[in-house]
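Note that the chains are named A, B, C and D in the order they appear, and that numbering of residues resets to 1 at the start of each chain.
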Amino acid sequence: MKIDAKGYMDYVAKVAQKLADNRDYVTELDSVTGDGDHWVNMDLGFRKLLEQRSTLEALSLGELFKKIGMLVMSTVGGSSGVLYGSAYIKASQAIGQRESLDVPLLAEVLGAMLDAIMARGGAKPGFKTMIDPLYQGLEAMKAALAVGKGDRAALDALRAGSIAGMEATKAMEAVKGRATYRTDKGVGHLDPGAVTMCYQLQVLADCFSS
Amino acid sequence: MKIDAKGYMDYVAKVAQKLADNRDYVTELDSVTGDGDHWVNMDLGFRKLLEQRSTLEALSLGELFKKIGMLVMSTVGGSSGVLYGSAYIKASQAIGQRESLDVPLLAEVLGAMLDAIMARGGAKPGFKTMIDPLYQGLEAMKAALAVGKGDRAALDALRAGSIAGMEATKAMEAVKGRATYRTDKGVGHLDPGAVTMCYQLQVLADCFSS
Amino acid sequence: MKKIINNPDHVVSEMLEGFAKANPSVVYFPEAEVIARREKKAKVGLVSGGGSGHEPAHAGYVGEGMLDVAVAGNVFASPSADRVLKGIQEASSGKGVLLIIKNYSGDIMNFNLAKELAEMEGIEVDSVVVKDDVAVKDSTYSTGRRGIAGTVLVHKIAGAKAESGASLAEVKRVTEKTIANIRSMGMAMSPCILPGVGKPGFVLGENEIEIGMGIHGEPGVERTAPQSASALAETLLGKILADYDFRGSEVAVMVNGLGSTPLMELHILFNEVEKRLEPLGIKVRKALVGNFMTSLEMAGASVTLLKLDGELATLLAAPSAAPAFRA
Amino acid sequence: MKKIINNPDHVVSEMLEGFAKANPSVVYFPEAEVIARREKKAKVGLVSGGGSGHEPAHAGYVGEGMLDVAVAGNVFASPSADRVLKGIQEASSGKGVLLIIKNYSGDIMNFNLAKELAEMEGIEVDSVVVKDDVAVKDSTYSTGRRGIAGTVLVHKIAGAKAESGASLAEVKRVTEKTIANIRSMGMAMSPCILPGVGKPGFVLGENEIEIGMGIHGEPGVERTAPQSASALAETLLGKILADYDFRGSEVAVMVNGLGSTPLMELHILFNEVEKRLEPLGIKVRKALVGNFMTSLEMAGASVTLLKLDGELATLLAAPSAAPAFRA
């Protein structure tokens, strides 16, 4: 259960596909609580990464994460661009010289990403953002690892936790982001950024498992 | 069979009603070959006349025609405003001091109107305009009067001729007005101005007959 | 129909009332729907106008360096002769008045009648007729070509010439030269709604656009499938260049929006037009991209080319304080 | 979806390419989607920007007397920090740079990151955040109010101050004063279509309008039946006046169209707004009616009031050569 730079780009391709399959759904979610561009933004970023696949695959893992961060930040813009960009750049520091991700390092990487997103946007878990699935997924994963449950169980915990975090955004009141403009603060609607974050975590867990 | 100023304003009210009943039809005709405003223009003009009904009814017949001409010209604008305006002003000269319209004077009045419209717009019978029903109606009416057929027959001739003239515009190629912009020169479509001219002549004949 | 209006019968007067309040450099004569400059000068007076619904035309072009007076008709209907007469009176300072008329039978008839009335009052009046729309075949027998967005450049150049103190004959000469060297071609993607009618005057399907449609929604030359900006530039320029050989000349280019086409798209279209001119040896000396002559909320655009010589280029670049054309 | 475009991925770059060709006073940096003045001056640099789709904002406001640089993001997405950094570099002449940011989380995050990066390069950078939209409750805890059309007046006043040679601190002071005294409120009547999405982001029925909708189609405060221009002026002004007491003051008024609302309707709305101000002792010193901050082809409008003191009035009236705001 290890993923190197090449494996990570396979993951990127799978996320791109997952996004392509859910265009209308994600667009609709951001149209309801936001400005309707979240799918366009994410799709643009992932297509950009795939365009450069051969160059990216040749990088070391740490370099790859840094480059992904820069590309996403500059191609996507918006909230998601800067948040994912910051997340990947911070994660590349956590990776350092290591050449492949195993499950414990994945937990470290996700932790670095979570910190970076929270630092950049000033939001916390419970604010109805992309943070919620990441936070809950990571917490569940870390709990599983802490009691020595093994990789597979840790990945299952990541899957389940991120889905729970994503679904929990439905009932939350938004504090950051465009859903705050609604008089109902978006209550009753899933956060689009949480949904796409959840997609990524699901695909990631799948990539490790296969 | 005579119509004085008051009777003429009854006629105006009936035309206003006839227009109101045919809003969509007339608008549609001008939308197809022109700019879609012919009904709005005519309706505006006739509503304006009705607003001033009490003042207008008090005028002498010649004064009434002059005042109608001025009001229509300034309220309506566009092609129909200036053409009907010119027509009424010229007709008021034909009426002179006479206090009511009888059928022979009506023929004179319509002749004056026809001349004024042709002079103002430079169009002739056969150009696919409001001129066609007026020209054919008047020709038929004059022919009936010339052979001494009497008022009722003359009015019937006016009715039939104006309908024929209106219907003939369908097959004509436009030479003046907006229908000339069509590559087909409007062939196959009735001219909106001919249709509303025909309405007016029908209502006029009815007013004399009743 | 969702429009920000009160009463369809009052749209023109309420609009002009608002316009005059927002632009202290003009005065509004409500009886005649006339907008005139507040400060008058002893010079040839310039009067234009036409149906409403083409904003910022024509009131937006009243100001130093451009028109003296704009006369507004009802929506899409020529102003009546008495309104135009009032406009001529306001524009007259004794040096003669030039009428800039767009070639529609209603406008021609009303402006000509007004001209006759003004001449009876002793005002010297002359007129020019703009007919820049190559979608329609030119003809001396029939009504002939329509006047569309190119009219704005005619206003600008005539205005600069009049401001320079030139005589009526001189202003007319330069204006006719401008008219002779200007060509436009447009296309529409969605209809507009007359306030008094309340529903669209025509229908364009999700998969149709109309090439050559007029600024009142008058029919165009063909319906095609929607085209890319690049193909559209090719189509519109193609029609213009087939009618007038602009090769090797300096030009002013206007890409005009009909109302609801975003500025983003107009700039993309301009970019495509510009790319095609260079290889033909056509040099863009001045570019104008925006909503200059609209058709209410119609979607679509037109392209205008004006061949410039030294005189026209200088006049086009001269200062203008008109609210909708500051230079 | 009928749009005059070539490829949804390239709308921003093709638009700005066209914009720069049409406006020789600016230069375009394609890698960063930055539009900057061609002639630089030693003065405080002013940078604004945001998602595209709001044209003429922001590139149209680059010019002498207004912005030095506009940075464009993708449609409705904040420009990335590296683009903003390039903008700051272009605007910097050693006298410091002020960022005018609209209050959206994406913009705040990207502009702040760019500020940090520029400071690491030794450029002095400060920033202000415009939040004029009274549709949203203000809050220090959450994202708070959006920045909408009032931003254009902020650009104008900051631009005039910077042009005068004032220090960064002085320019910031006057800009913050402007922001503190400005309020806007808008409403939408029809949706807009993102080029990359191809269909409307929301639906408004034939019998609905949305009061308080944002310039990206973010939700408003209520849906109502369509209203007359008079009722609408009442509604929008009502919300503004409930938030800030403009009574007895001199103001600038902006009636801004969101894209496909005809100028005719904007002037009718302005006329209604103006009528209501006089009885409240509010004097309109400057009026702006037009499309200043749009949302692609959305139909609708916003009303902005800015309280003027002598300083702000003078700066607002100062010359500007920006293509979309000539004064």
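Keep in mind that, in the parts below, a residue touches a chain if its C-beta (ideal position, glycine included) is under 8 Å from a C-beta of that chain, and two chains touch if they have at least 3 such contacts.
Since the model is a prediction, treat every value here as computed from it, not as a measurement.
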Chains touching both subunit C and subunit D: none
Subunit B-subunit D separation of Cα centroids, rounded to whole Å: 54
Separation of subunit A from subunit B, taking each centre as the mean of its C-alpha atoms, in whole Å: 74
Computed distance of Cα centres, subunit D from subunit A, in Å: 32
Pairwise touch network: line, ring, star, complete, or other: line
Touching chain combinations (by label order): A-D, B-C, C-D
Complex contacts: residues of subunit C adjacent to subunit B: 9, 51, 73-83, 104-106, 109-110, 113, 135-136, 139, 141-144, 146, 194, 196-197, 201-202, 214, 216-219, 221
Complex contacts: residues of subunit C adjacent to subunit D: 2-6, 11, 14-19, 21-23, 52-53, 55-56, 60, 189-190, 206, 209, 226, 228-230, 232, 259-272, 274, 284, 287-289, 291, 294, 296-297, 299, 301, 326
Touching residues (chain side subunit A, partner subunit D) in the complex: 27, 31-37, 39-41, 43-44, 70, 73-83, 85-86, 120-121, 174-178, 180-183
